[in-house]
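Some structures to go through are shown next.
In the two complexes below, subunit A is the common chain; its partner is subunit B in one and subunit C in the other.
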Partner chain A sequence: MAKLVVENVTKKYGPALTLEKISFTAEEGQITVLLSPPNGGKTGICKIVAGLDEVDSGKVYLGDRDITDLEPKERRVSMMFQKLALYPNMNVFENIASPLKALHLPPSEVINQVEAIANKMKISHTLYRKPGTLSGGERQRVALSRALVKNNADLYILDEPLTNLDAKIRASMRAEFKILQKEINQTMLYATPDPIEALALADKLIVLDKGKIIQQGTPEYIYRNPINKFVATFVGYYPINLIEGSIIEKGEKIILQTNLFEIEISKLRDSVKDHINSKVTLGLRPELLNVVKKEPKVQESLDLFYIKGEVFEFEIRGSDTVVYVKINDQIIRVLESKITKYDIGIKVWLQFNLKDIYLFDAESGLLIR
Partner chain B sequence: MVKVVLENVGKVFKGSKKAKETVAVKGFTAEFPSNKVVGILGPSGCGKTTTLRAIAGLDPPSEGKIYFEDKDVTYLPPIERDAALLFQFAVVYDNMTVFDNLAFPLMVKNINKEEINKRVKETAEFLGLSDILKKRAKGLPASINQKIALGRAIIRKPKVLLLDEPLSSLDPESRLYLRRELKKVIRSMDTTVVYVTHDQSEAMTLCDKIAVMNEGKVHQYDTPENIYLNPATTFVAWFIGEPGMNLIDCSMEASEGKYYIKIDGVSDVSFEVSKWSHALKESDKIVLGIRPEFITITKTYKKNSIAGKCLVIESFGSFALLDILTNCSPNNIIKVKTPLSDDLPKVDGDVYLTFPPAYIRLFDKKSGELRVVMTE
Partner chain C sequence: MKTSAFIKFILVTLITLILIAYFDLPIIVMIVTAFKQRADIFTPVPKWIFTPTIKNFVDIFVGTTTMAEGTLAIQNSLFFVTTSTVIAMFIGSLAAYGFSRFKFFGREDLIFFVLAQRFMPGIVIVLPMFVLYSSVGLRGTALGLILLYINSALPFVIWMMRSFFDEIPREIDEAARLDGHSWFTIFIKFVLPVARNGFLATFLFSFIFTWGEFLFALILTTPESWTMPIAIVNSRVSSEILWGQIAAYGVISIIPVFIIAIALQKYLVRGMTLGAVK
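Up next is the complex of A and B:
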């Protein structure tokens, strides 16, 4: 187990993608998650760290070793890529044991290691079958086991290890993986395009777009303080609602004015004072909004807002419901973490709290608060 | 307007030297009402696509009958069925314009030019493709390609529209928008829709009724609400919901003329079931099912609660998913979904789980079938 340091790595991958000055640290014993939309650069970084691609410039250190120019097998990294590439003519046991060959362990030790990981991954019953006879989920577990079998690696690289699975199996594998990671306590670099997976698994999250690191930090921090609109939209349980508006002063009060509503945000004076009379984008996370069916009486507190609208549509997702509330001509998404049914077209009130609003500079997209 | 009727449909793929014989579908009997959306939902390999291919006529069943209204179509070739099929990966002719792509199914039917023009324009407008009709299809994004494929499927106004995971190859954002288009199409068209997917959200959202399949068998054919609240089998209970129901081994015990369910491995927790004891008497072992979102979690002891330790907390902004280690079997981890609050336990903290009886479902362990809904 060792710390990974990527320093100023630049690499041109044809016209569509260039990794630009990538710098980050993956701490010892933690999962560092690279999150980006497709073709954002995460696989490139995995390949560079694994030694499959060369850097144009920059350095990669693992522990106290400079591994930038080392051959893959000299790096002491273990990897698994999205395309599983199991050996079809070997059985599951031999597949999992294959990375152990170079270590020249006694056979009993190999058996112990393979059985230990197979047990944890719940594939003990498949050990003497060929990969071709297994289900997709089982094959994925075999590939994960092969990547994670104790093999003296300092770093484990997993590039979209769960992407090919059914939604259902993926969700249950995610929780299992988190427990497994705690047990084996290794440094991991984990790439995924799925923000939910990233938020759930990461100790440290690195958000990339078009070959650049946009933001890095703990998942909680990035979720609460997305640096710009892109991160706010991409990193969340569901895409954030964005509403265009501007901040104006009315006498003593500071007002956020949008096409849909006006709310008083005087309490935020300190954070917005440099943006008075300028255009802003209001961000409302669907999971932090509520739908209220009964007309609220008097305003209960200055911090709680009610906006009238109508139910445009709703959909059930797993054990949640997404309600689409139409206000003027804009649709606002609300995520309720339970299953509820709505009549289309009924009047409802969107409820949200002052502390949960995000404001972005409309032009630069940067977070104001 | 035609209803689709499946009568004991089965499909066996014959074995060869290389592969064993596999039963892909067995005994599928259901009526898909006209002008409704019926979902076939299940994990990979459950037989859902095989069923769809049989309805489409691409691969007739090895047994059973398929009717469109009263007409037996079991062995009719696809072209004579008036069914359109849309696949997971959009089939779009790269070297043709969007217009020609949409017009293609009409051109092969020798429909006159005026009518083709009119129908293409209508369809394009409906799906928001009007601006790119003259463009070549090559290089368009996947979501547009899938729209074109959808347009081509609906342009000849089929009586039956068969959809095989049409959204699953798209990114989440385009999936959302295309799903809305699809709903619009489904609502405004005079057609019976069969929607095959492994994604329960798609099914729960779009479908009026859902057939949940596993290993070739239909476990439940019901409305989305019933499938969620009263799953017919332990498989459905586990499969539906994100995550699915917790399934916990328990036994029935009699004491002073009353019957109680006791959770195996946990003392001091029991639920009275005297009212339903007749439904459970035949069961050797009983499984208690409860959804993660209906469990109450506290940091202090409550009467009739299960003690545990918090292993994992996944936070989702407004709520959290917790893995709680308990003495329950067969799986000692119980999943709990709860709103985020300052009262949430810490990782490795002690917690207590309370099951509100109204949300408890009891299954026969051996058959996996639902026996008791405690509210009834």
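Up next is the complex of A and C:
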């Protein structure tokens, strides 16, 4: 177990992708999650840390060792691949035993270690079958076993380990994975394109886009304080609602004016004072909005806003309801964590709290508050 | 069966039979001729009913009547072709693996250059090769012909094997590298077994090409190192061409290719199955 430090790593992967000055630290015994849309640079970083790709410039340290120019086998890292990369000509036992055989361990020890990990991962019954005959979930476990069996590794890299599974198995594997990580207590670098997976697993979250680190921090912090529109849209259970508008001053009051509604935001004066008379984007998280069916009494508290609209559509997703509220011509998503049925087209009021709104600079996309 | 379906069945069968006859009739004639006596071969109308004989085969191996010595030619062919194909497969697969996995300056130009050697007709270099081989003492030697056959099989092997290696996901190599294996172990134990079907298909084609090679063998061999195709040409005496023996040679020379093709058939047909990787 050791700390991973990536320092100013730059690498050109052809015209479509360049990693630019990537710097981050993965703390000892924690899961550090790399989150990005496809082709954002996750796999590139994983391969550079593993030693499969060379850097153009920059340094990689593992513990107190500079591993930038070391061969993969000298780095003491283990990796699980997105495509699993099981050896199709070998059975499950031989697949898992491969890293141990490369260490020239005595056969009895190889057998013991493989059987131990196979028991833990519940794949003992598959040991003498070829990977081609296994189910998707079983293959995933075999690949994970092969990555974890190498117990001299200082760092475990998991490149989209759950991506190829169907949704149901993915959810259960995710939970199991979290328990497993607590158990083995190792430093892990985990890449995923799925924000829900990232939020659920990460001790530290690194959000990437087009080869650049956009934001890093704890998942809670990033969720509450997205640095820009991209992070706000990408990191969350449902995409954030974005409404274009501008901030204007009317006498003493500061008003947020959009083509859907106007609200007074004088209480945010300190945060927005530099943006008066400029264009902004309002962000409203679906899970922080409510739908009210009866006309509310006029502003019980100054911090609550009610916007009139009509129900355009709704979806019941198990125990949640996603309501699509139409205001003028824009559709706003609302997530209610209960089952509610609506008549399509009825008048409703969208309710939200002043403290829950995000404001982004319309041009740069950066968070204002 | 409906009338239209019946007509379709008849038509398909007929066309199939015509195609089989078109491709296989020369082989059938050869086999039949190999078992005919001299008088039966030269009848104006081909004879399909005759008393079979194995005299033609006996003559080849006893070798009293012609310049060609059958047993020696078969030994030569088997030895030259097997040795050169095995060596070409080994060297060519390694080279193909390099071309498939390592990026280096001029890679695509180099592989095109390798393939371009196949574009050139053999007749262009046969004379320089004759002069070269005579001057260094390689003409008529086993080594000389094996070297030549390795050289002519390599472009094909490299080109074919590279396309098979390209189909194997790189993650297989990468996983094995992270496990801690050397490049050579990765090639032998992890990559080559996955490319097995392609490897065997390439081996078979390469073997067949070399087995039937005529031009260089004609120019660069002496009677002691004649291969099967050259023995066939020399199946004559001063007064006549021995068609019976030629046919017998033909029958014998297709046997090894036939056996290998039957043995490897399932690999040729099945193609690559990489289901476990996806």
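One rule holds for everything that comes next: the second predicted complex is superposed on the first by the 341 of 369 C-alpha atoms of A that agree within 3 Å, B and C clash if a C-alpha of one lies under 4 Å from a C-alpha of the other, contacts with A are read in each partner's own complex, and residues count from 1 in each chain.
Simple rule for what comes next: a residue touches a chain if its C-beta (ideal position, glycine included) is under 8 Å from a C-beta of that chain, and two chains touch if they have at least 3 such contacts.
Note that this is a predicted model, so its numbers are computed, not measured.
Three-chain overlay on subunit A, with subunit B and subunit C fitting side by side and no clash.
Residue contacts after overlaying the shared chain place A:319 against subunit B, while subunit C stays out of touching range.
Once the two complexes are laid over each other on the shared chain, residue contacts for A:73 go to subunit C alone; subunit B is not touched.
Greater residue coverage of subunit A by touch, when subunit B is weighed against subunit C, goes to B.
In the superposed pair of complexes, A:367 makes contact with neither subunit B nor subunit C.
When the shared chain is aligned, no partner comes close enough to touch A:191: not subunit B, not subunit C. Of the two partner chains placed by superposition, only subunit B is touched by A:166; subunit C is not. The superposed arrangement places subunit B and subunit C with a least CA-CA distance of 12 Å.
Listed in rising order, the residues of subunit C touching subunit A in the complex are 169, 171-172, 174-181, 190, 193-194, 196, 273-278. Residues 47, 50-52, 71-73, 77-79, 81-89, 98-99, 101-103, 130-132, 139, 146, 150 of subunit A are the ones touching subunit C in the complex. Within the complex formed with subunit B, the residues of subunit A that make contact are 37-38, 135-137, 166-169, 171-172, 174-175, 178-179, 193, 196, 199-200, 219-220, 223, 236-237, 239, 285, 287-288, 313, 315-320, 335, 337-339, 341. Contact residues on subunit B toward subunit A in their complex (touch as defined above): 43-45, 171-173, 176, 179-180, 183, 198-201, 204-205, 224-225, 228, 239, 241-244, 291-293, 311-312, 314-319, 321, 323, 335, 337, 339.
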